[in-house]
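Next up, some structures in structure tokens.
Common to both upcoming complexes is chain A, partnered first by chain B, then by chain C.
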Partner chain A sequence: MEIIILITIIFYLLSTAGYFAYLFRQKNYLQQTGYYLLAAGFVLHTMALAYGFIQSGQIPVKNLFETLSIACWAIAGVFLILQYKFKLKILGIYAAPLLTIVMALASRLPKEPVQVENIYNNLWFIVHIIAVFIGEASFALACGVGLLYLVQEHAIKTKHHGFFFRRLPSLELLDSTGYGCIVAGFTMLSVGLVSGFVYAKLVWGKFLSWDPKEVWAGITWLLYAALLHQRLIAGWRGRRAAVMAIIGFAAVLFTFFGVNFLLKGHHGEFTRW
Partner chain B sequence: MDEIVLLGINHKTAPIELRECLAFSNEETLAALETFKASPVISEVMVISTCNRVEILLATENQTKAAETAKTYLSASKKLPVAKFEQALYTHCGDEAVRHIFKVAASLDSMMVGEPQILGQIKEAYHTASLKKTSGVLLNRLLHRAFFVAKRVRSETGIGDHAVSISYAAIELGKKIFGSLEGKKALLVGAGEMAELAVEHLLRNKSGDIFVANRTFERGVKLAQKFNGQAVRFEEIVDCLQIVDIIISSTGSPDFIITRDQVKGIMRIRRNRPLFFIDIAVPRDIDPAINRLNNAYVYDIDDLQGIIEENIQERNREAIKGARIVDESVIHFRQWYENLSAVPTIVALREKMNSIAETEIKKTLQSLSHLSDQDHQAITRMANAMVNKILHDPTRLLKSNEDHGEKSDHLDITRKLFGLDE
Partner chain C sequence: MRRYLLDYLNSIWKFFTRIMLSVILLLSLAVTSIVGTLIPQNESPAAYFQEYGEFLYRIFDVFDFFDMYNSWWFQLLIVLLTVNIVVCSIDRLKATGKIVFAKNPIFNLSRFKNHADKENIVEDRSPEQLKDIYEPFVSKGFGYMRSEQTDKGFCIFAEKWRWTRLGVYGVHLSIVLLLVGSLIGSIFGFDGYVNIPEGEAVSSIRIRNPAQAKSLDFEVLCEDFDVSFYDSGVPKEFRSSLTILEHGKPVLKKDIIVNDPLRYKGINMFQSSYGPLPPKEVTLSFKSKKTGQAYQKKMLMGQQIDVPEAGGKFVVKDYDNAYQFRGRSIGEAFSGVLIPENGRPIEILLPVRFPDFDQGRKGNVAISVKDYDRRYYTGLQVTKDPGVWVVYSGFILLIVGCYITFFMSHQRLCIDIVKKGKKSLVMVAGTANKNKLGVPNRIKKISEKLTKLA
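Take a look at the complex of A and B:
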């Protein structure tokens, strides 16, 4: 188990190296290598999670290490699909190091699962976990795309065409990819919230217990809902959409970490160490 | 053994007046090839003539005489005394000539480094020479290597990347904003060579409808016909901004044609779809404050000029890599060339040995008349096998890729030892 995680991290690290080599050398085979290395890491990561699942009979989200690990797994998966669909080759310089760093830090955390009462491993719970993490992974990538958009837009607006201008794709591609990420993330977050409510109703008898995590998840959801609404109605695109994607992800991060560390609630155990 | 000699002038050594004087038309090239072919000192020849250079490439056993012949011919056919162009004329021999032609083909010696036309021009010149049968072993090999080097330099370095003309730089920028220009609509305000060139680039990128606005509507209509576009009145420009994506402006107007407030209102109606303004006019037509609006981008002629200068610097940096590839290829070519000079010696040596063996077999068999035909064959086979075995090591040594000085020593010794030059 430990060793699989370690090899996964090494694959992510090699993928990072591949993408950075691509950034500097601009040879297509380098980004392809990065992509395949990341895919290999993802397969190993999946095996590690499956092993954990079979061992405990539950989705492995019972401490900070496990939640971060599954978050990384979701980011890797969503990135692979995104890269395949949008061909945004350069995004690897964001995703691969992100995976490497988070996984490397997470692997230093204790692996003891917390004892949680009232966990029932039903379908709603599984859907809730998977959907929320895929949604958050999509938002993480939307944030990365947004950052790249801002860098590229800055180069074009200020007319200083440096290192990144040549290497980053068109604003249009960055904008549409970011939008795709947010649509996917929003859909998955919605599914995740609804399944969470249903699960809460089944287990605790009420949909909403005003747990801080639930509240903040709701706020995040509203933020992205507003962003999508503005895009569809008023054509919020480009710079403003990119900035919003970054702010949205900050809200996601706060919901993920901040709530657990600063506020109390029944989600807290999952990110304790 | 023939050597490669190159005589030429280019934009660095000669002013345009002189280049014009010495340039060869197609007919003149054919005539020149005929004359050079008839010359006893020149064994192979080709002539490259473009607006930036005239190069005469020769293979000859006598460099000085061949160069003299070429100069005399230039002077006679162009009716220009040798003294008038001798200063500008460069003469390269051997490796230097090879390096020069490689650099020219790879567009490293061009006025605009990386421009792609020169390779086509050299290919054409070579085609003419091979039709006239004035190219032989040396030039054939040299030119094929030159084409290969040019291709390698282009694919392995960035000398051909990045626009170096205003209109093309604008189009590349457009691609960085819109991704693809396919279906993007454009508005041309005013007229002008650079602006029209930009529109042509757009059309080549499968852009959508072209609108043309001109102060005189009739001129606009005429220009629109040229691009298969649609003329709009000057007053309609602002409305037009709702539908187009790219605006190319080049009018003589002293004031801004399009102001920030106009665009601000339009962006709302456009639902923030990006607008790209290319302002080629001086004084400027487009309010530069528009660039500060979200999703609107304004580039004036100075901005584009700045990009081009950056791109030229980038190309020059890449040219250094190209020069390395050329150096490498010059060495490869020299190796081939030296091997070529070993071949006649090896052939002569083998011929001499074979003739000795043949004579001796004949002599021996005459006195051994009792032997059967089979025995004769066996003896012949043995003699041939001995010749082959004896020659094996010397041949291998002469063919090996050792350093230049030692190799010519070996060739020299071989020729003396076996009396091949007698």
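Take a look at the complex of A and C:
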């Protein structure tokens, strides 16, 4: 188990090297290598999670290491699909190092699972976890695309056609990719919230107990709903959409970490360490 | 006057159609919700007073920050958002409806030529031949198709998924359903609890908010309760065997565990807690100091019995689950009174875990607990939510609506075939109302397939 995680991290690290080499040398085979290395890391990562699932009989989200690990797994998966679909080659310089750093830090955390009471592995619970993490992974990538957008826009505005200008794709491609991420993230977050509500109703008898994590997930959903309306109806594209994607992801991060570390509630057990 | 009123209503309607209003309301709900996650909700006034001091307490109290999700202003925001969603949807549905429900879709050839993504092919056959080859292929992939004769050839128009333009109204309707469903639940439903001792039946429960009793039109009997533990002492599973009684006759039996409630007549009973009950019977050991003989006696709580060897009378008065002895809990303990043949009554403490305790008294007889019946009560959460199916349909509509809105689009295709000498020039062009980025790719694929067909 430990060794699979270690090899996974090494693959992510090599992928990072591939993408950075691509950033400097601009040879297509470099980013392809980075892509395949990341895909190999993803396969190993999937195996590690499956092993944990089979061994404990429960979806492995029982401490901070496991939740971060599953979050990285979701980011890797969504990234692979995104690059395949949108051909946004340069996004690897955001995703691959993010995966490497978070996985490396997470693997240093204690791996003892915490005893969680009142958790039942039914289908709704599994769907809830997976959908929420895929949604948040999409938002993480939307934030990365937003950052690239701001960098490229800055290069264009200041007419400083230097290092990044030649290496980043068009603003239009960045904008549509970011939109694609947000739309996918919003849909998956909706699926995650709905399955969580159904689970809560079945197990605890009520959809919502106004637990801080639930409220913050709702806040995130509202923020992205506002962003989508601004974009689709009021025509907020480009810079504003990019900034909103970054703000939205900040709310996601707070929902993930801040709520658990600063506030109380029934999701607390999952990120204790 | 009437006209003035109409203008007034019209301006209110206009106000609610603004998209900026939706954005502001969504953001306001998001920002104000934070308050409820920072201030613990629904605690006692005393706790708040101590935490925040008098000044802040008064301010928070005025704004209902201690129960903010039920406060008038938070509910007002939700109502405004609902009105906004409904008005906006109706307003826009007029325009969308014209497109979606049009009998003969309008195609504009010059728009495809000027704006759409397109591919051009040159073919050897005549426009008539190409039209006959293309038509079956196009009608397979698109729901609607028609061909028109043009000056120099033919034009095939096709489209599909026109109805997906309605997807966004599905999402909006789903939000309204969620809100209406939870409103129905809060008006016609309830959330309560009841504790039932093992072997007993109840016919009324306690409602949480507002706190009051509510009688059920049937009885719930708890025949048995069991709890199993992990090695660490944490409860693993608790299980209640419940029977529903109608006029004293059993109509439904079910064992419930935490994620598997009993449902009867729209009322759900969830296993939520349990606790120990004072025992009914206890077996005590009386050890005579004089003869060294030990006698065992079984008795009911409160029943006076004769102590062997004419030691007087004894009665068990009380049971405590966690008895405090000199500031320390010593676990389960009984207490009773010993009335000697002559002399004053003596209070006696009988801790279950320390059978030698009473020997320290140095009396004529040393009493200890041998056995007693361990009884539990089961704690049930009892809820009724008639709005639940409205909420569930809202959930389904939300997911399906999101998928249609974000991942499907109204796609239109135009194949313009023009005769040029002995050959034909074919233009394949397409548009989509959403996800325009994918259109060039799709057009390319279609034109490749058309080339292979011809």
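Here are a few things to note about the model shown:
Here, the second predicted complex is superposed on the first by the 273 of 273 C-alpha atoms of A that agree within 3 Å, B and C clash if a C-alpha of one lies under 4 Å from a C-alpha of the other, contacts with A are read in each partner's own complex, and residues count from 1 in each chain.
One rule holds for everything that comes next: a contact is a pair of C-beta atoms (placed from the backbone, for glycine too) under 8 Å apart; a residue touches a chain by one contact, two chains touch by 3 or more.
Predicted model, so just to flag it, every value in this text is computed and none were measured.
Once chain A is used to superpose the two complexes, chain B occupies space next to chain C without a clash.
In the superposed pair of complexes, A:V183 makes contact with chain C only, with no contact to chain B. Of the two partner chains placed by superposition, only chain B is touched by A:I156; chain C is not. In the superposed model, A:A234 lies in contact with both chain B and chain C. Vertex at chain A: the C-alpha centres of chain B and chain C lie 150° apart in angle, rounded to steps of 10. Of the two partner chains placed by superposition, only chain C is touched by A:L202; chain B is not.
Of the two partner chains placed by superposition, only chain C is touched by A:W210; chain B is not. More residues of chain A lie in touch with C than with the remaining chain of the pair chain B and chain C. Once chain A of one complex is fitted onto chain A of the other, the partner contacts of A:V259 are limited to chain C, with no touch recorded for chain B. In the overlay built on the shared chain, the residue A:G57 is in contact with neither chain B nor chain C. For the pair chain B and chain C, the minimum alpha-carbon spacing after aligning on chain A is 6 Å. Residues 234 of chain A are contacted both by chain B in one complex and by chain C in the other. Chain A makes touch with chain B in their complex at residues 152, 156-157, 159, 161, 165-166, 169-173, 234-240. By the touch rule above, chain C contacts chain A in their complex via residues 19-20, 22-23, 26-27, 29-30, 33-34, 36-38, 40-41, 69, 182, 191, 230, 232, 234-235, 258-259, 261, 268, 270, 272, 381, 383, 388, 391-392, 395, 398-399, 402-403, 406-407, 437.
In the complex of the two chains, the chain B residues touching chain A come out as 162, 173, 175-180, 268, 270-274, 291-292, 294-295, 297, 299, 303, 306-307, 310.
Residues of chain A touching chain C in their complex: 86, 115, 117-118, 120, 122, 176, 180, 183-184, 186-187, 190-191, 194, 197-198, 201-207, 210, 212, 215-216, 218-219, 222-223, 225-226, 229-230, 233-234, 259, 263-264.
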